[in-house]
């Protein structure tokens, strides 16, 4: 399997594609085409694809090997992936039997199952494969990849995934990768919000949040959020924009939905979904996920610094 | 300062007292006196006190030096501490001017402030000094001690605290230690409940919780709870009884109250307080704090294993 | 329009069908066929249909007029309605162009829109038309009917609906009737739970709930729930089984979903959905909706009587 | 008992005092004294008191009968009432044995019990007697009065209360009146918020809220709130300022606290307390209680009109 297409050259996608370009005959596609053109021009041996299944591209015309064996998507939501399936330029028309679509989008399990079923009818495999590790993990090629789908499909694409992933985990059937990723991100969201509420309450009652955070990080209430995000991003007031709040809102919503579909009473997840929907609405599309803390601070009338 | 009294020989208190007995002229007291008698008989140079300020004990009768310089309390709640203040055998009557009461109870800030004010009238100092690190931290003498009160009082008792504490933090005025401890434990509670909801939803939707936990612990949603408590206590179904749910319920309630007193909207803390009140009611007085997971599992109809 | 079919002879459906039988050539159908046979045998001029579009029935064989002009469904959820569409005996195959399906199920708007679209392809109209008024309203023919769909379709079926409805309201496009019904029932659910929490807290603090309810019902906190359901069903401990908790759970879930689809932060509706999901799980399929109060009482350790 | 003092000439208090002035030798007091002077000058036979127990006033100097038999307080919160007890001009110093303090403030039970205990030491009775019925009920003398305290005290003051109350209810011991009033107002708050969430979701999904409200008001989800407040104040966009959101926030907080003190899990009340604390913070001190709807609308991006 040596012909790979990569769709979605965003903050995470671009460094992933860079790793692939070193080992594979790679076609890249991006909704805003100029990014794909620029990418192809700076990565030797890479072509930019005019259609997202990579069948037509600059280098070869009417080239049989333009058909890609593995297509990787890395888009904002499952909806964008689903919208690429149909039509003359769609993935279903463009992919040959035996190809595999690996969706690295942080997707939702129900849509992934629907996509998988439609691709299966066309003889194309599907793996949901959301990643964690952020921009720096993508740049280092050390992402964790959470895979849902058949073990056979996963073995076929494993070498491709190892280009950018350090830990490739088979999570279960189609949708399992999405579900775990969504729950992980929902826990991240819970931790951000709860830590903010707690520190804001302490700050307003006259306790120095720096001291509080230092103690908590040596105690049982610590988390990745309290140990890394708060010192680096909140206490410093840096709030770098690395992962949009809008996307975390979407992920918490997916996790909350997984629980509801299973008829599980999950009041904490559901409330967190409400709070992030609210924060997304109040803070806008461009806010970073950690900026949800700003809404807690506004409500509290106290800053965590 | 060499004469110390220790009140409250519970699971955490007893090992703390053991460290003190090695360095100080120690009087111990316990509500159930037999424990204090047993402790004194096995720790050379220790006496058991008949009254909790340690003025009367077996070794000396009408001995002026029986007056203790430092009294340490380690009781279930601030209410028990407050109840020791009054009466002929009470701490206010029994303590001499210049003594300092160090309260290692996980207390509530408002009661601590009330106690401090009453002791101040009698010329006695007060420091709220809840600890974290659990039984093993107490045994190793490596507790974190969160101190609220005057810097001068803290410097006076610091050598005493160093007998059992590795990290002695001055958190602020009286009540600040209690407040930070309560928020730390509230975060612990949030993490337990949220992680349980997430894993139960995954389990019920057919994803193996072991795989999910493994992935989360390599990703952004990890916490001390997911990395330690879940593998050791939940997945193993061991649920050892080390820290009562009833006490964590109390602590979350204290944290929620700190937020309410500051008029801070803190929906996530407040809901967590409700859920732990509920779990405490449903699971009883003897349940361990991690057993709150059992209620989430019951609601979900799925086990996390 | 004189040939009507009625599908779903439940507690509400049966008295509705009885009113129709007095004015129309009526075919009835029920999943458990014996009920339809019994109904037809006791209502002169009514036939029981072997298939749910009423094309084949006892009275006439190969009878063209067996094709029904109006088919009314009254089933537990939209899922059951949707499952009747397909197949050789399905409504899509069995209904003629120009017929109208009136769905009196308390359905969900998204499914109703999907059903309407499929029927439209077959030239069949659709109106979602959930009812309120309960069994007694159905028996008196005084239901409120909340209609979603085109004004033209509604005018066509209005005389039919007036057989059992006193107030026929055009709520908007397809799904609007379902949405209003769901929100109404969600408010009912909120009122039941909140009134229970309030009265349980009073009861446990030593206030007589009868006095409290009497005062509230003369004050600003009163609702249909406090004025009717609590005196008749809770204080009396009668808890008659008139409307299943399982169905109210479903309705609150629909309302919560309407809010989520609109990206509206709606924490109170979402929490109520969680609580009723929980109550449904704890109290079982047969419990009445007002029995949700029993869970509040259990949690409180106090009865409202 | 003919000598009455009235303290607190606010929107509700002033018309109550007017009714009393017709039957009793009345002394009035107000924090802003000018209001009391104005009141006394326009109500024949009324004096304004320089101290709040009414012992010194314009008409008589050093007049023994200046001692009041019944003192009625009608203040924003219990804290203001408590602050009037002490000092040379305080109620405890100023009231004679056998007098009764009737507190018509919407108070909190714990503070009322504390006040009652202190007054009892001075031989003075106490009844908590919050009222409902609003400004118009006060003007018509048709308030509901919720009384907590001894039956004997209530019988003594009943004729006085009947000056402005139509329904005088003995709710239980001291604090019972406060508790019922708080729960009533908490239900009002729940109904306002839930109805707003439901109608905002419908509005945003394209359903006319007027139609929805009309249907709900003929169905099981109706409440005093949906039948009166929404048509008159929300749909009309009038939002008259009759009862401050700040005070309803306080009342919901009292009800939530009653539940917490009883260790009752009451997630819906607690969340409502959070939401009104938030609305109070966002909308300010002068907003009317129904304006909480504006925050729901802002979150939803939809108006209910």
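Chains: A, B, C and D, in written order; residue numbering restarts at 1 for each.
One rule holds for everything that comes next: contacts are C-beta pairs under 8 Å (C-beta built on N, C-alpha and C of every residue); 3 or more make two chains touch, one makes a residue touch a chain.
For clarity, every value in this text was computed on a predicted model and none was experimentally measured.
Trainee: Contact counts by the stated rule: is the higher one at A-C or A-D?
Mentor: When A-D is set beside A-C, the one with more contacts is A-C.
Trainee: Between copies subunit C and subunit D, are the contact residues mostly the same numbers or mostly different, with half as the line?
Mentor: Same, since most residue numbers here occur in both copies.
Trainee: Would you mind pulling out the distance in Å between where the CA atoms of subunit A average out and where those of subunit D do?
Mentor: 53
Trainee: With chain centres defined as C-alpha means, what is the inter-centre distance between subunit A and subunit C in Å?
Mentor: 41
Trainee: Can you list the subunit D residues in contact with two or more other chains?
Mentor: Residues 264-267, 271, 275, 278, 281, 299, 301 of subunit D each touch two or more of the other chains.
Trainee: Mind pulling up the subunit A residues that touch subunit D in the complex?
Mentor: Against subunit D, the touching part of subunit A is residues 267, 271, 278, 281, 299, 301.
Trainee: Under the touch definition given earlier, write down the residues of subunit D that touch subunit C in their complex.
Mentor: For subunit D paired with subunit C, touching residues are 109, 132-134, 144, 146, 167, 169-173, 175-176, 179-180, 183-188, 190-191, 193-195, 197-202, 204-208, 211-212, 214-216, 218-226, 255, 258-259, 261-262, 264-269, 271-272, 275, 296, 299-302.
Trainee: If we count contacts the way the header does, which residues on subunit A are in touch with subunit C in the complex?
Mentor: Touching subunit C: residues 253, 260, 263-267, 270-271, 273-275, 277-278, 281 of subunit A.
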